[in-house]
Each structure stands twice: as structure tokens, then as C-alpha cells.
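What follows is a single structure, written as C-alpha cells, with notes after it.
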Amino acid sequence: MKYAAPTALLIALFAPLAVHSDSILAIAIYGFMAASLAVSFNLIFGFTGQLSLFHAASFGVSAYIVTILVTAFGWNFWLAVVPALAVVLILSLIVGTICFRFKLKEFYFAVVTMAFSEILRLVILNWNGITNGSLGITVVDRPSLWTPSGAVQISSGIAWYYLTLALLVIVYVVCQRILSSWIGRCLAAIRLNDQLGETLGIDVFKYKLLSFAVGSVLAGLVGAFYGFYSGFVEPHYLSISLGLDIIAMVLLGGVGSLIGPVIGAVILTALPHVIDLSAELRIGLYGSILIFVILVMPKGIVGLLGSRKNAA
Amino acid sequence: MLLDIQGLIKRFGGLTAVSNVSFGIERGEIVGIFGPNGSGKTTTLNLIAGILQPTEGSILWKGNEIGRLASFEVAQQGLIKTFQNPQLFPELTVAQHMRIACHLHIKRALGIGRVLTLLRGTPGELDGVLTRKIDQMLELCRLADKRGEVAGALSYGSEKMLGVAMGMVCEPELLLLDEPASGLGNDEISNLDAVLRDLRTHGVTLCIIDHKVGFLGRLADRAIALHHGAIIAVGKTTDVLDNSAVVEAYLGKKHA
Amino acid sequence: MSQLIIGQLLNGVIVGSLYGIIALGVTLTFGLTGIVNFALGAFMMLGAYATWYLYDVLGWPYVPAVFGAVIAVGIIGYLCDRALFQFTRGNLVNGLLVSIGMISVFEALVLAAFTTTPRDLTYVLPGALHVGGLILPKIKVAVCGVFLAVIFGTYFALTRTWLGRAAFSYAQNPEAAALMGIRTGRLQTIVVVYSTALAGLGGGLYASMYSIDPTIGSGYVLKAVEAAILAGIGSVIGALGGGIILGVSENIGSVFLPSAFRDAYGLVFLIAILLVRPSGLFGDRS
Amino acid sequence: MLEVADLNVSYGKHKVLRAVSFGLQRGEVVALIGPNAAGKSTTLRTLAALKKANSGRITFEGGDVASKSTADRVRCGLVLVPEGRQIFPRSSVHENLLMGAYHRPDRDQVDGDMERIFSMFPRLRERRTQRAGSMSGGEQQMLAIGRGLMSRPKLMLLDEPTLGLAPIIIEELGQIIRKLASEGLTILLAEQNAAMALGCADRAYVLQSGSIVTSGQAKQLSETSEVKQMYLGA
Amino acid sequence: EDVVKIGQIEALTGPTATYGWMSAQGAKLAVEEINAKGGFKVGDKTYKLQLTQADTRGEPREATVQFRKLMEENVRFVFGPFLTNIFNAIEPIAKQNNGKFLLFAGATSAHSALGKPDHDYLFRTWNWDAGPSGFGKLMVDYLKKQDTKKVAMLFQNDAFGKTAVDIYTALFKDAGIELKVELFEPGTKDFSAVLAKLATGKPDFLFPGYSDAVLYDIVRQATESGFANRFFLVRGSIGPALKNKDAIEDYIAYVPKYFEQAEKTEPKVKAFIENYKKTYNREFPYDQAPLCSSSCYDHVHMLVQAMQSAGTVDDVAKIRTALLSMSYDGLWKIKYDKTGEEVFGFDVVHVRKGGSVEVVKYDPTND
């Protein structure tokens, strides 16, 4: 289990040599981005114990900002990422401050973050002048990323594959570093017994906010790439169902482990394509698999594999 | 005076749990707090530790008011309190508890330099220092053989001891212990006694609540007795325990 | 103008009572089994379809059809509890996933049986009441009345009976509850079945007011969760109150402000209330 | 009345109780003493079916209770007052006490019993409407004991009842226990506070690392040098 | 035995599935019918059809993956999508594959892509809104004739809703009819508030969209609470009108075919309906968008005819030319204008209080 992440990375690095299908690459790319989302979400949920439903909003807002800056104002993609992440940071600090100052816990926190997220979605949905409302914005040409030199265009499936893989690695490493440090221990303390943590000198508010903001900004980073790769952004990016999907990925893979959400995300992204059946059968089977997996492996896939790594 | 409490009052609705309590604690002392059940002992310590906010009165720590600070700020100033009902992180092992309790140590040692450790991935040298320190502390508290067990699997006595060990590893200047000996057997209590005496020689000031009069009566230099939220006796421990009001309200006649 | 407002106020109450009945199920199951049962929306959908089937397809009279649906959904709830929920008790996270999985399964079953085509029941109680310039559809008034009766009935049952006391105790400390001689497994099953049956009732009555399709549940269960949280988990009357607050703020909001933001009006209220009372309007403060 | 034979209990691989056997007669007070982590609480929890035994027999009033759940055992009169209080924190003192009577068929008699408990612990009467969770540690302990008595047990298992109680109350508790026993209640008392336990028990067992190492009349035991040294702090 | 692969990309599940699901039924019906007859002959070879139906769930991202898959499998003829947001999502990928395949999309947003460079792949199969021969213009003219001054439009706030609002806002403005627009969130069931609000403006007609489910709810709630009783619809069924026939004043629906009537007079329609009932073992959904199933049914047949007249099953350019120049007389009368936009005959069904129905037929294919 210790070598799970490096092994997976190695396989991922060489997989495109064997796979030549554009659609499989696309599934992998979406899988990587979903995994990045899930890993960053798990920082907030699995490791800090805060069930945030703001993740989709961070993701979507950033995707919108980048897309608007690039399509309407002609910005360079990389440049556009900066204000996008800044906005996500500010939003998450505002929402986080409100929630944590008022000591909203558990489902109260979940529902209030969902409320903020929904309000943002409705604003984007109805702010027709800027966001083109429900139609969303299409990146007219095949989306491509310019490297700073302006020479190489990243537009092929393979290039995006490695780019999003790198994104996942970055998100993973950032979370891993945070969790293996003293911050990770503070987060664990907050998750398990915040009153005790507080009497041991941990500034619970500060660390909750930190984890929420870092997780949200990472989600924003994923959003920036996601909108660009898929070629369109739409209000659905901020939907509750995306938030629930992320939760399902994390739970399936295993909360409280770093690699778990990656596994969960890849499986849940690929699953609908693997079970290629009539629509009714497919969703029925999808649900049954979800239920079955949880009943058989109550701690997620990683929990089943045995080595549960704690964050302290 | 290390800690100086003046006119402390705490009301819960119509109930006055602490009424006009004033006392001081000098550096290096061991102060015992006695009193019948519900007399306001825990509430007083919670007020000092910032877990509760006083209704009235002032709490001066080295001359500065700390009555309105949050509990983590109080802890950062060097006052640590343990809980009467053991409070732990159920999923974590004993050793992990101790690592978390080293939070303030790391913060003091590295300051903002902690951020650099993020890049390296480990806290570096400090790691060895902390491990040694934790081992030593667990040894003292007879928890060394339980270091790998999760808190949920501990017996009540071990839970209590872990709480004390965590408090000690925070390196407080003043350690507030709420009934550390309740649930401990005789043997463990004498060990605790030795540990706490040793702690004092290292310059830590202690303020302890306990109903084990034998234990705390021997340990404390000075005692305060509370009844109905008010101080009914204060002074040398033996004097307080001989005080007739204390005997009547708390010890029962035969103990006198 | 004032007629418009009063009319929408009343309509908000009616819509809110529907949120409330599902919220009651949400609040009870969460309080007693530690599961946020998102599948209650799906149970509601099943109740709606069962009612439609008994009433429109098999030709039963409406009231027996609703009873039939409630019983059917209750039985399904029982089976789900035995087969699934009892293994996820006390585990919020897994309970949530299992209930999300069940939504898919139920949706697939209904899709397979009845397709995505919406159904619209033969009108049960057509026409409207005209009261002082206000027009209120009879069916809505009747449905709201039933919901109010059920919610208040539940409230009295829970506050006045030993079963209710047992439930409240269990919610606070399951192990101690077992030590009081409470058959905790049975209690949890009762609660799961009762809340699914409530959802079934909600669905059965819903079908008499609105058209139904396999996806109707998801939106309502979200509103119900919002209502339950707004009220404070565990509060029975709160579930109703929370539902009504949401219903009214949505309705009144869409009259004065763009209706595209309809859902936001309730949410703004929700945030505002939780900031003043972080554990809900009727919830415990600590 | 209660017969425990060859009880083995473990948490995962960790064996906590090894071949523990003992018995209680009706109306007897039996103390179970031993150092921390000896397995006292585990024994009591197993008797109350909160923990599953690996092997061994538990007979209560002549019948094997192996298949009975916690609730069913309570209904037979086997009641545990758990360690660490375990009250219902958001209910009032009054409601907590009422819950003790939950399983009783004669719920109309609870008022009388409640009076009795209030006279044992006057503090509870004073605080009957207070939320139990906000009570002091010792007050909660009184409440837990009182609630256990409300269920009119035949056999009451008390796990560290003196925890956090003031000396004067411990004194009274000893008297209460004796009085209950004289009324026919059987009591199994797991205690750290050996002085108190041996003071009010008829017989006692000493548990060490999961095995019973000594047993006998409480009076005699408290005079053996080993017990004196280990448990009474002589 | 040779096969021609046909793909279909539609929402078969999810909240927006009604249309996609209906189209999938229609396409399947046509394919089975053709294969049951032993396939079709092009040149001297006989081909059978092989249909791959991809479920987008109404989610754009899913659609892009599914669409890539179809392209990889060298599917040259793809039916769908009906939904605007899905079309917008796959359009960039489709453009890259221009020349390799033909897409028969129903989505309204496809209208504006027709005739643009790199869009030779595109045909539009279901034009009941935009452009000179779409319903939109004709509808507004009809309204004018009813002496209409004010119209209230109540649409779902999704990609299509926005597209429709944009189209109709311009049309009503040109016609000098005052228009008040309100949008509602997908999934809304209770329309009382917004209906009450619209009613305060006293519009002559309410123009609600767009799925059958919301039609039933809106018409019922509007009439029951007295908010509106005259309705105008650019599509859809007359089911809600008949169900509330005593409460409505007017209910004017534009449908490609008034099936209830056509079944009695046109043998082709009768056969289609019977075949449908037999295959799917259920009632024919007269009031539930039969338009999509009949449309797809026709377009598959039309495509086969085009292949036959072009004499090839894989030269998409030739087949495209054949399609553009032919006209097809199936359940509907269909032809394409030179950009690939569809022109077809349709019926205006006017239901009045009590349930009397008056049908006027239009046939722009003859113009």
C-alpha cells in the first residue's frame, strides 16, 4: 500500500503508449481532473471533517473566470488562472469565515455552504450579460494552452493527458505535504475533537479556514483546466449534483486516505462507460454497485485494502 | 503572582455556579481545590482556561487580563487544562495524541519557520527531539506499552492518564488538572503523585481538583475549598481539610 | 396587490407543508439512525407512482390508492432497512452513499416500468375555493390539511408517549438507551419505516397536485434537508416550520423579485437564520 | 442468581478476559476490584451484552442469557450502570430518571420510586429540570446511579460508581448499597476504590490482567497483606 | 453481410430525457423495420443498419466523451442531439470531424451553426422555432390575427429556454406585441407565484414552455387559480388542453402532425402507430412528444433513400448532396433548404373551451 501512489503514477505515465483511443484518453483526462477535485475535497472533508458543499462552486467560478478572460478579453490562459484563483480564495475566505465564526457544524455547515454555492450558481445562471446565462460559454476554437514561449500548443489528447496528470500530481503532493506536517495533525485534532484541540493551543478557526481555503483554491485550479479542456462552461458546473458526485468518489475510495479519492474518482468516472448497457439497466447497476461496495467495504476501497493511514 | 483571580462570577441562567471567587497562585506552587459535587470547581478551572467566559470578575495572568481570551489563546500563554471526563481523539493512537499535543512546542521552537518544513516534508531535527520527549513522557505515565493503541480502546484509567500526559507535553507554566486521580487505582495514584512532584521540580505550577483527599491532601501545598460556588476555606492544605465547614460539607464527619 | 401577497403566502404554506412532511422523515431518520436518507425523495417518487398506478391504471378510488401506496412504500422501506440501512447505522457517510445508490436503483426500476414520460393523474378534487377574492385550489387545501394533521399527530405522539421518549433518548446516547431496555434495533426500524411511509404519503398526495416523473424526488429531498437543518435536526414541529419558511420565502420572493432566483430566496433565509442560531431555529443551542 | 463460567473476551487479537468464573447469590453485594485495565469494565459490559464473549457461559436466574440482547437482559432485571456516566445529556434530570423505568410494565409506580431516589440524592431533586449534560461530574454520576435504580433491577451491575463523587457522598453511597442489598437487590460492584468496595461488599474478587487472582469474604480480603498493599494504599 | 453504422446521441435518462428517449424509440423502430425487410440495396450490395445509442444523460461532458467514441468507431451518420446544451458541447469536436460524417441534430442552437464554414456535416431535423420557415414567425403572425397585444412567456431557465427567449423576443418586437418574460428553475412544480405575477400584467395569451410535464402543471395551475386561460404553444401536445377543456378559453398548439386525426386519415401514420404499440408494448403517447419519435423514424428512412440515390454508403459528401436535393414524404413531408435547415409541413391545432378542435395545415415544402 505504501507504494500504491508511485506505482499508479508509473502506470499512468506509460498507459498512453498502449491506448490510442481519443475517447479513452478523454475519460482518463476527466478521471484525472475528477481525482484532483476529490483529493482536494478530501482535504476539507476527510481530513478536517468539514462536509463542504462549496467545492463545486469554487470549481465552477474559476472555470468561468478563466473562460471569460480568455474568450472575451483575449487573455493568455496562464495569466487568467491568477485572478481566477484569487477570486476563489477570496470567496472561500468569506464563506469560511462566516461559517466558522458562527461555529456551524456538520450538516449545518454542509447546508450553509450548499446555500452559498447555490446562490453563486443562480447568479452565474442569471447574469446573462457576462456569463451568457444558461447557455454557458463555448471556447470557440479547439481549446489549446500556450506555453509561456508561445511556441507549443497543447491541444492533442495526449498532451492534455499528461497535463492533467501533472495537475493531479501537484494537487496530491500539496495535500500530502500539508497532511504530513503539523497542519495535518491540527486538522485531525479538529476533525476528531475540536474542543480538546483548542485547549491544547490549536487555533481551530484558523486551521479550519486554512484547510477550506486551500482545498477550494485547488478545486479552482482544477476548474480552470476543466473548462478549458472540455471547451465550454455552463452553470451546471456549480451544481449540487457535482458536489454529491465528488462526495461519492471520496467515500467510495476511502475517506481519510490520500490515494482513496483518486481510486474512487477514476472508478466512478469510468464506470458508466464500462457498463455499456441500456440506460435503465446502467443506472440501476450503478446504484447497486455503489450500495454493494459500501456494504462490503464500509471504509471504502482503501479501507478494504487494509492500510489506513491516519493523519497524525 | 502568576495567576490572580478577582471577584470571579459565573451564572448559568438563574444558577450562580461560581460566586465571587478570588484567589491567587504563586509560581511553583501546587494548589488543591476541594469541594462537594457541584460546588463550582470545574467551572472555575474552565473559566481560567477560557473554555467558559466569566459573567463578572477578572483573571490576571502575569498581570494581564485573560478572562476574555479564547481557550487556544490561553493555552498559547502557557495555561493548559485537562478534562474531568476524558476528552480524546477516538480514532488516534496514544502516540498520535502526544504528537498533536506537541503543537505548541513546535510553534514555539520554529515559529513561522514551520512553513519551510512543508517543503521538506518533515519537521526535520525537531522530529527526533519530539519523539524522545514523547517516549519519556509515556514512560513516566506508564503508557509506553499502549503507545500504539487507539484511544477508543483504552480503559478509563488509561484515558485519564493520557489526558495528564498530553497536558504535560504541552510544557505549560501552569497546569490545571481536573480530577486526574479519579478512576485510578492506588498504585497508579502513587505514580501520578511522583510524576506531579517531579513536574514541580521542573518549574511547573499546578492547580488540581480531586476528590481523593488522601492523594491531593498530601500533594498540595495550599488548598481552596468551595461550597455553593464560594470559597469557604483557604490556606495550608491540612488546615483546610481540618476546617469544620469543609468537614461538614465535604468530607463527612468521620474523616475529620 | 394584497390579494396577490396573501394568496402567495397561503400557497407558500401549502408548498412548505410538503417540504415539511419529507423534512420530518429526514429529521427523524437522521436523529435516530444517524443516516441522512437522501433516498426519501425516491420513496416519495415511489409513493407517487404507486398512487398513480392504483388510481389511474387499476381504477381504485383515490383515498384507498393513497393508503395502498403508503403501505407499499412502507414495506419497501422495511425491506430496505433490513437489507441495507441496518448495516450503515450510525455511519453518516456510508448511509449517505447507500441512500444515493438507492436513488439510482429506484429511478432505474421506475424508468424500466413506466418510462421517463411524465404522468398526470386524473384530477382528484378539481376546482377552487373562492374566499374573499382569493382563489385556492381545493386539492391543495386538502393536501395541506392532511400534512398538518400528520405532522402535529407525530409531534404529539413523540412528546407524549414512551416510544417518543425512547426515540429522543436513543438519539442522544444509543448505548445508554439499550441499557434502559429499549430495543434499539426495532426502534430504528420503526423510524425508518415511518419516515419512508411519510415520504410515500407525501408522494401520494403530491401526485394529486402535480405531474410526476421518475426524477421528482431529488429536488424535494434537498428542500426537505434544508428545512430540517433550518429548523434544527430533531425538531418535529421545526420540520414543518422550516418547510413553511422555505415555501413562503420562495413564493413571496418570486412575486417581488425575478422568479429565476426562486430557490435563492429560501437559501438566503436559511443562511440568515443559521447565523443567528447555528443549530437551527428550534434546535438545541449547545 | 448469576453464574459466570469460563468467560473469555477479546478485542481483536488482544485478550482481555481469560477464563473468568464467578457467581452471585441473591441479595449479595460482590465487589470486583483490580488495577487499571484489568478488565473490570469489560466483564460488566459482557454481562450486559454490550460486548460479545468469545466463549463461556452466563446464567442468570437459572437460564442461559447468551442469546439475549442488552435490552432483553434489562427486561429480565439485569441492569448495568455504566462507567463514565452515559446519561442523556439533552434531557432533563427528570426525563433521565423516567427513562430508567422505560421497560417496566408498572409505569404508574414510577412517581414513588422517583421520590425514593430524590431522597437518596437530594441534589437531583433540586436540579430536576436542569439539562443533565450541564450538571457537574459528580451530579451526573448520582443521576446515572439513580436512573439505574429506577429500572428496579434484580441484579445491578455498578461500574465505578464512586467516580468523581465527593467523600461524603461516597460514604452515603456505601450505606445506600447496603440498604438496597438488605431489601433483596443483588449488586456487582466494579471499583478502583477498593476501600469503599471492600467496606460495603460481602464478597470480593480480585481481577488482574483479565484473570481472577483472589477471591473471598470482603473482610478477610481487606486484611491480606497483598491486597492491602496493592489496593488500599497501606 | 455489410452493415452501415448509425449512431444516436441523446439524453436517455435524467431530467431532460423525454425527447431523447422518444427519438431513440423512433430511430430504433425505423432501423428494425428496415433490417426486418432484409436491409436495403445500394448499388448491388445489400446493407443492414447497425444502431448505436449513446446516453448523454443530458450532461454536456458526458456527451463529448460519447461523441468522441462514435467518431472513433467511424460512425458516419449520427442522429441527435435534440438538446441545445448538448449540441453546443459537441459542436467543437464535430467541427474537427467535418467531412467525415453527417449529424442530424434537432437542437435549436444548431440553427445558427448551419451554413457556417466547417459545418458541412450538419443537418437540422426539427425546426419549429427559428428562421423564415420555422414556426416562430408563423406563430407570431397567427397571434396578430387574434388581435393580441400582450403575451407572457414562461420558460424553463436552461440552455434551450434562453435560446427560445432570444428568438421570440425579437419576433414579438417586430410584430409590435408586448412581451413579458419569466423564467423558472428546472424541476419547478409549483408555478403559482410566477403565474400570479404574470397575471397582474393581464396578458392576452400565456406562452409556456416546453416539456410536457411543465405544460400539464402550468395549464392546470393557471386555470385552476384563474391566472390565465388562453395558451399559446409552439409545439407540444394538446393533452393539457383536453384535460382542462372546460377551464381554457383558447389553446393553440403547433405540431408537426396532429396524430389523433392523422391516424384516421393516413395509412402510413396508422401503421406507424400500430408498429409502435406492438414494439414497445405500450400506448402510443399522443400527448407526449410523439414528434421526436416520428421525426427520427422519418429521418432514418430518408437517409437510407439518400444513400440509395447517391449510390454509396460511405461517401458522406455525395450523400449530403443527395439529401439536400431530395424531398421525403413519410409521416411528415420533409426537405432541407440549402444550408441543411429543415423545412416541413405542420399543423396548427386550436382547441377551444369545451374541447372543440380546429386544425389548419401548412406545407412550406411546396413553396
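Note that the chains take the letters A, B, C, D and E in the order they are written out, and that residue 1 is the start of every chain.
The working rule: a contact is a pair of C-beta atoms (placed from the backbone, for glycine too) under 8 Å apart; a residue touches a chain by one contact, two chains touch by 3 or more.
The UniProt protein names, listed by chain, are A = ABC transporter permease; B, D = ABC transporter ATP-binding protein; C = Branched-chain amino acid ABC transporter permease.
All figures in this text were calculated on a predicted structure; none of them were measured in a lab.
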Contact-graph distance - origin chain C, target chain D: 1
Both-way neighbours, i.e. chains that touch chain E and touch chain A (ABC transporter permease): C
Pair sharing more residue contacts (C-beta pairs) when A-B is set against A-C: A-C
Maximum centroid distance from chain D, chain identifier (CA atoms): E
Distance between the centres, which are taken as Cα means, of chain C and chain A (ABC transporter permease), whole angstrom: 31
Between chain B and chain D, centroid-to-centroid distance (C-alpha), Å: 29
Centroid spacing, where centroids are CA-atom means, of chain B and chain E in whole angstrom: 75
Between chain E and chain C, distance of the C-alpha-averaged centres to the nearest whole Å: 36
Shared interface positions of chain A (ABC transporter permease), touching two or more other chains: 125-126, 279-280, 282-283
Residues of chain D touching at least two other chains: none
Junction residues of chain B, two or more chains touched: none
Full enumeration of touching chain pairs: A-B, A-C, A-E, B-D, C-D, C-E
Chain E-facing residues of chain A (ABC transporter permease), complex: 21-23, 26-27, 30, 125-126, 128, 133-136, 138-143, 230-232, 234, 236, 272-273, 279-280, 282-283
Interface residues, chain D side, partner chain B - complex: 11, 14, 34-38, 41, 83-85, 123, 130, 134-139, 141-142, 160, 163-172, 192, 194, 230-233
Parts of chain E lying in touch with chain A (ABC transporter permease), wherever the complex brings them together: 12-13, 17, 21, 55, 59-62, 64-66, 68-69, 71-72, 84-85, 88-89, 91-93, 96, 109, 157-159, 161-163, 183
Contact set on chain A (ABC transporter permease) toward chain B in their complex: 177-178, 180-183, 185-186, 188-189, 192-193, 195-204, 310, 312
Chain C to chain D touching residues, read off their complex: 162, 165-166, 168-169, 172-173, 175-185, 284, 286
